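There are structures below to look over.
In the two complexes below, chain A is the common chain; its partner is chain B in one and chain C in the other.
Now for the complex of A and B:
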């Protein structure tokens, strides 16, 4: 019995290691390529660079005449930060309203948003471009924030599903105690909703962080580019810089994920009366 | 742990706030195109990336702004991607006022009226530039000729080679005419012979010439030298895109020569990877030479410099040695009329494809006269010479070309002598690259099929001719059927 268990564990670990390797190897390769001393993908010995140095990372942040990575990073952080805050507020309010209140046209609205959210966002790109031109918002980072935030409530279904699981008796108890709707939302629902708040904030941050199509269409000036747009415009011999830029862009989002992920669990275990 | 989490979140929020402050200013400042605040005219200039990278654009803008500070005209970098679409951005006011581009790109805009027609007489450089260069920026509409750009420099594919890798005793073995130039830099048959020798003596680890065989711009000599052309001309001299010339005259012989040469190249010549690898492969000695445009000189040079630095030389020593050992010359001047590179013939002139880069003025600019002033300034002798000094380009101004001498004047002379076939300045040119590139790649691949004992597709000239005619038909369909 014990032998069987040990062999199962070994097999499981072997499979896990193999699968991890398959997923991790490209990342490892990119990390090593970003430290290539020559900067060119064609100077590699087999899979890996011939020599290593940190020069590319130094160049990434100091050689800004053609490729201003720090500026791209600031722009990306600006757009993602604001989009995340505004989108989270809008999505949570939409989901809470749809979950808690019953009003006329609720069902048709839900069905309409469900259908609309099935269409890929790039379908409306030409229309978005023309609208932004008329608003004089081309070459303006706020145009991206506006579009990301305005489109975010369409994806409220996950959040609504979460609010649906909160027991009605909590709301009834709050109402008996004299709480108004805003008070119930602020003092009862929000403390119970940390996991979904964190989830919403993270996903709202991650989308603009890595989006390419929209910023590429709306931002014409080089110094307004986001990292995704900037990296695609790097010269053909700048592979190491591309790799370093791609690696570094992952750092803030990884920090954010690890620092916020505890709340996903903590929120679930927060005390409350549940059915 | 929780404190750590809070700190991390605080840090992220602080970073966001910081970026807000800095990005907000920029986001607002970037709005709008050229402006005339307080009577000051601001021109947005879109130059190419190399000019920006090497500091020429800064010098140009500084010099212009200094010269015109009392006249209320200021020029700034448009700060856009070098190939950003004027047709998309111009009408909405986000495009540049002055744009620097190759003749085919600029004239495609001109055909759609995104670029202004200009009077040659308005420009001081007018009589210093040969007609061949002006023709590249001339648009023919209803029998009338319009000039839509000011030619600045001419480009053609060049041969980049390692002087320190010339074979020992080449003066006695490889200089038949005793002119002090190795034969393999003068004719294709000798280059083929030398390349074959390099491959054989290194057991296939090193190569002579390896070039991007799928690139029409680099390989066009195998069409044009044999009588092929892109588009014919009408009686009044206008480009006739109905007459497609890739299958004309002895073009099939040229293609057979290309197939033969690619057989002794590395297999990298078949796709775009060679366009990125050629710099380091020439630098590390895997290739003796490769083909590229003059503006990539610095890329070959920097790679070679890195190699020398890795060997232990200081930066200045490596720089000096790289400049000494990197050679850039025009492609070999002679080809065999039979299309057989082993025949030893060198009886026809090489005609390469070239392009002319120049300035155009956006049709959407609000400051036409100021733009003309700027282009006049940028095409002046001093600025063109400075451009050539910094970027190594070959100017179209005869006075600058003759003063610079060397490779620059060689390119200028080739243009005048008709050894450079300029890309036709019509939009239909957009439709030639993919079909011909695919054919070129397939022809080159045929040599490798032969080596691997696979079935070859272009065994003789008649099969090659058939393929060329098929490609010409594809181009015709793309221009007149599919794109309508």
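Now for the complex of A and C:
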């Protein structure tokens, strides 16, 4: 390719700066707002707060009379943590089985999940809501965990793709050595699947962490709210509290995404069977 | 049948009895235990539940007389459950028949029968997939399949509006669908929302797709130094949880928000961007906000695809005297579109069912000439308003079936096309 002209280089950089500004500015605005010394959005000069302080963060964790952020955070951690563990086990088992074994029900199962995934995700949720109401399971964090984990195996395709890349010869070798399938899963597959285990655990942690719809439907009780539900109840006068609460849960997720991409690339490209 | 011995035939009638008589005591007892449990369930609840599924209750609760009455929703759920249990028992029965045949052959060949522990071990080994998939399948059955079946059935009942338990619900056939397509208020709303939904899905998909492609191409240019740094900004946007982004933008366009602040500073009066009468202003803000959220994803996708492109093609094209624009339209675009057709269609379906954007930006607004919806609501938002906020479960379920038909038709076309594409090795 030819080298670009200077005018084009300048134009390219101008566009890049503009694009970065567009993507970064709203985030920066929220960060600034979280350090605003006044809580209400009406006390801002446009995008910028009139004064800065860390008081909002202190208030977020101490002024829990109306908006109990620490408890929202605890609930969110509880739900995300347990969902992540259970989902990871179920997804990895499903993906590994679908990738490694050929059995009569395999194709029908794969087709069924494909069809199920075409129903609007919302439709099932309305029904889950009705079912939960009728069996008196709303206002219970465990029912959230149950729904997140039980639905997780539907998204097994990425993990199956990973297991598809593991060469069959390694399993055959283990088989010849007399290993049974559970042993192979424990001693051969597990050590090889660390990257995908981490990926699955993190993504299935991130989903309940930032989901709003389901907890909003099922948690009517104020002390059970998760962060997502709580933050939507903050109005314009509580804007900096919203910003602080949002930044506080967004930062771990952003860090997670950045570390995740590097980890995944490194992990997936190290094949176990080198050719 | 004639060749099978008496013991084998015992298992056809009472599952597990044959195994027990052959001496496989524990296995036989377990099968018989399952059968006994099922019979007990049938007598105490199962038969009633199956009947209840069809009647959906006969006794209406009467607080004056103190009658408890039937709860139609529970009856339908228990009915579905009873059929699922029946299916599970049939699977066990078939496994039992298969098992007894194996046992019979072993006995016929004079081989010793494996002990319970041994056969359990060999089952876990040989049928590892059954063991591994047991919990995932049960989970999906209860939390995905059962709700969907329930919703499909609800679409054919009069559940909703005034008719919620303790009132009795009835099967009404396709009444809900007829209402959607004929009742003036609902019909008008449905077609207005469907029209906007299609416009939204097409434009959102195109904006996000080409926006992402543009960014990826820009970052792919040779002169750009520090690509990782430039790429980080869209990735931050991608990583921030969606509801935070959406609520943030809602604040940005609110009356006290910065946009209106600058308008007022310039002497204009403030604008209700997301008010009930905002019309196209709100729609366009929705498109832009959605672009902000989705372009990073499609940028990452396009970057991945561009890195697989063959540079020699470009060199050859440059030698043939093709200009930059021609290289783009003749090489880059066909290649990228070719490799992303399936994702393009998934993202179309995703945008078609994009619940979050308008729920967060202006949820819960009802316009006068809409039935429980506003002019920015998509079908999925209408579905939410109907079923969660206003208890119109029957009509809501019918709407979700219509959404399913539309999206699955699109996905199916995509599936057929992508496999047709795979046969052509244009770019391999």
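Here is the rule we go by: the second predicted complex is superposed on the first by the 231 of 275 C-alpha atoms of A that agree within 3 Å, B and C clash if a C-alpha of one lies under 4 Å from a C-alpha of the other, contacts with A are read in each partner's own complex, and residues count from 1 in each chain.
As a working rule, contacts are C-beta pairs under 8 Å (C-beta built on N, C-alpha and C of every residue); 3 or more make two chains touch, one makes a residue touch a chain.
Not measured: the values here are computed from a predicted model.
K.L.:
Tell me which partner A:40 touches in the superposition: chain B (first), chain C (second), both or neither.
P.N.:
So A:40 meets both chain B and chain C here.
K.L.:
Comparing chain C with chain B, which touches more residues belonging to chain A?
P.N.:
C
K.L.:
Contact-wise, after the overlay, does A:136 reach chain B, chain C, both or neither (first, second, both, neither)?
P.N.:
first
K.L.:
So, A:223: does it touch chain B (first), chain C (second), both, or neither?
P.N.:
The answer is first: A:223 touches chain B but not chain C.
K.L.:
Pick one for A:77: touches chain B only (first), chain C only (second), both, or neither.
P.N.:
first
K.L.:
If you stack the two complexes on chain A, which partner ends up touching A:182: first (chain B), second (chain C), both, or neither?
P.N.:
It touches chain C, and chain B stays clear.
K.L.:
Would you check which partner chain A:236 touches, where first means chain B only, second means chain C only, and both and neither mean what they say?
P.N.:
both
K.L.:
Kindly classify A:65 by the partners it touches after superposition: chain B alone (first), chain C alone (second), both, or neither?
P.N.:
first
K.L.:
Give me the intersection of chain A's contacts with chain B and its contacts with chain C, in residue numbers.
P.N.:
Residues 40-42, 236, 239, 256, 258, which sit in both footprints.
K.L.:
Any idea which chain A residues touch chain C in the complex?
P.N.:
Interface residues on chain A, with respect to chain C: 1-4, 8-9, 12-13, 15-16, 19-20, 22-24, 26-27, 29-30, 40-42, 44-47, 90-91, 93-94, 96-97, 101, 103, 106, 109, 113, 115-116, 118-131, 134, 146-147, 149-154, 180-182, 185, 209-210, 212-213, 217, 228, 231-232, 236, 239, 242-243, 246, 249-250, 253-254, 256-258, 261.
K.L.:
Per the contact definition, I'd like the list of chain A residues that touch chain B in the complex.
P.N.:
Listed in rising order, the residues are 38, 40-43, 51, 65-66, 71, 74-75, 77-78, 81-82, 133, 136, 138-142, 220-224, 233, 235-237, 239, 252, 255-256, 258-260, 262-263.
K.L.:
Could you pull out which chain B residues touch chain A in their complex?
P.N.:
So the residues of chain B touching chain A come out as 1-2, 4-5, 8-9, 12-13, 15-16, 18-20, 22-24, 26-28, 30-31, 49, 52-53, 79-81, 84, 89, 92, 94, 273, 275-277, 279-281, 284, 299, 303, 306, 310.
K.L.:
Which part of chain C faces chain A closely enough to touch in the complex?
P.N.:
Residues in contact with chain A: 71, 73-74, 77, 121, 124-126, 128-129, 131-133, 135-137, 139-140, 142-148, 150-151, 154, 215, 218-219, 221-224, 230, 232-245, 247-249, 251-252, 254-258, 261-262, 265, 292, 296, 311, 314-315, 318, 349, 353, 355-356, 360, 380, 383-384, 387-388, 393, 396-397, 400, 403-404, 407-408, 411.
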